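In the two complexes that follow, chain A is the common piece, with chain B as its partner first and chain C second.
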Partner chain A sequence: MNSLYIINNPQKLSEALPFIGENDGILLIEDAVVLATSDSAQTHCKNQFALEEDLIARGVKDKSQASWELVDYPRFVELTLTFDKSITWL
Partner chain B sequence: MATFSLLVTANPYSSQGQFSAIEFARTLLEQGHNLLRVFFYADGVLVASRLHAPPADEINLTKSWAKLAIEKDIELIACVTAANKRGIVNASEAERNALTGDNLDPAFEISGLGQLTEAMLESDRVITFG
Partner chain C sequence: MSKSICIVFNKAPYGSQAGRELLDIALMAAAFDMPITAIFTGQGVYQLINNQQPDILNIKNHSATFKALPLYDIEQILVDQNALHQFNLSQNDLLGIDELQYVSADVIKSRIANSDFVLTL
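On to the complex of A and B.
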């Protein structure tokens, strides 16, 4: 069973990472999208996504790293169905 | 076509979670999925007050949820315990607690955690916004 980990706070990814398998997914939303702009947020997870409109809202879309796939809301909804369950790490 | 429910714990004015939840709800409905219920818990219940008066150039989250609920026939449920202690009460809770007024927006209902449990059992996916 693969889970989609939804992260909305940049400080929470490191807390969640030990629980995330390489076939799980990570979706960065809200303030956590800044992690997609940094080389330092490299993970072992193969499925890394970041919400594009939250990157745009923070003026950092141009700095996003290629290792994070930018997604819109329709794709966000699809991802919650692609993965067996979603876990919002608060 | 899948059935979703949402759990919203985000404070309406100190985080983005309520906005994200509304956008997610609108999108899944546009895609033809069902939205069974939105359950408001913790600080998320604060959005259920009908007395919010934000400045005219800001989004009124309560009205945004209410519009979605009325147009798409979606249940908006605020947890009774979380709501009562934050001063969000309907008429019967106001009477039961001997309060002088009530403030629940008519698009919302007050109920218990059983409604969240039921939503988890009856939905294909429950997505949390905090």
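On to the complex of A and C.
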């Protein structure tokens, strides 16, 4: 089963990474979107997303890296349906 | 077959209610005969430290209840070896629960992948 890992705290991505498969998904939301603005958060995961509204709110959308696909809220909902389950890793 | 659930403890005790609340959820889920796995990773391994004394802070000691997990048929208790190592802890620092399994990240990874629900707090 493929899981969508929803991360809202920048410190938590590294904690969850050992359990994330390359075919799982990572979606950065809230404060965690800052990870999409630098290439420090490189992962082995093929499906990397960041919530566009949260980047815009923080004025850093233009700094987002190409390795993180920007998604809006409707696409966020779609992602939760695409993956078998969502895991909000708090 | 009822849905399986992984309950992931990743926070140290008493700084937040996460540990106690996840434990309550685990015991409730057990009442519904859901296959349950309790996973202790990150700072969550501190939930299992043996000589906790939160009464000094006027906080209830929920750690003793972890010993009850097997009584509720929650026998899949996975402890992340890397976390123990990272925090310089060893098995004899932890509560004496026979069902504790000291596992690698990959074991946890596959259990999470194959569970229907995965819960953190």
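In the analysis below, the second predicted complex is superposed on the first by the 90 of 90 C-alpha atoms of A that agree within 3 Å, B and C clash if a C-alpha of one lies under 4 Å from a C-alpha of the other, contacts with A are read in each partner's own complex, and residues count from 1 in each chain.
We adopt the following convention: contacts are C-beta pairs under 8 Å (C-beta built on N, C-alpha and C of every residue); 3 or more make two chains touch, one makes a residue touch a chain.
Since the structure is predicted, the reported quantities are computational estimates derived from the model, not experimental observations.
When the shared chain is aligned, chain B comes close enough to touch A:E30, but chain C does not.
Contacts of A:L90 after superposition on the shared chain: both chain B and chain C are touched. By the touch criterion defined above, A:S3 lies against chain C but remains apart from chain B after alignment on the C-alpha atoms of chain A. Of the two partner chains placed by the overlay, neither chain B nor chain C lies in contact with A:G59. Residues 85, 88, 90 of chain A contact both chain B in one complex and chain C in the other.
Looking at the complex, you find that chain A touches chain B at residues 6, 8, 29-31, 54, 73-74, 76-77, 80-81, 85-86, 88, 90.
Note for the complex: chain A touches chain C at residues 1-3, 15, 18-21, 24, 85, 87-90. In the complex of the two chains, the chain B residues touching chain A come out as 2, 4, 9, 15-17, 20, 23-24, 26-28, 30-31, 33, 124-125, 127-130. Residues of chain C touching chain A in their complex: 8, 10, 18, 41-42, 82, 105, 108-109, 112-114, 116-118, 120-121.
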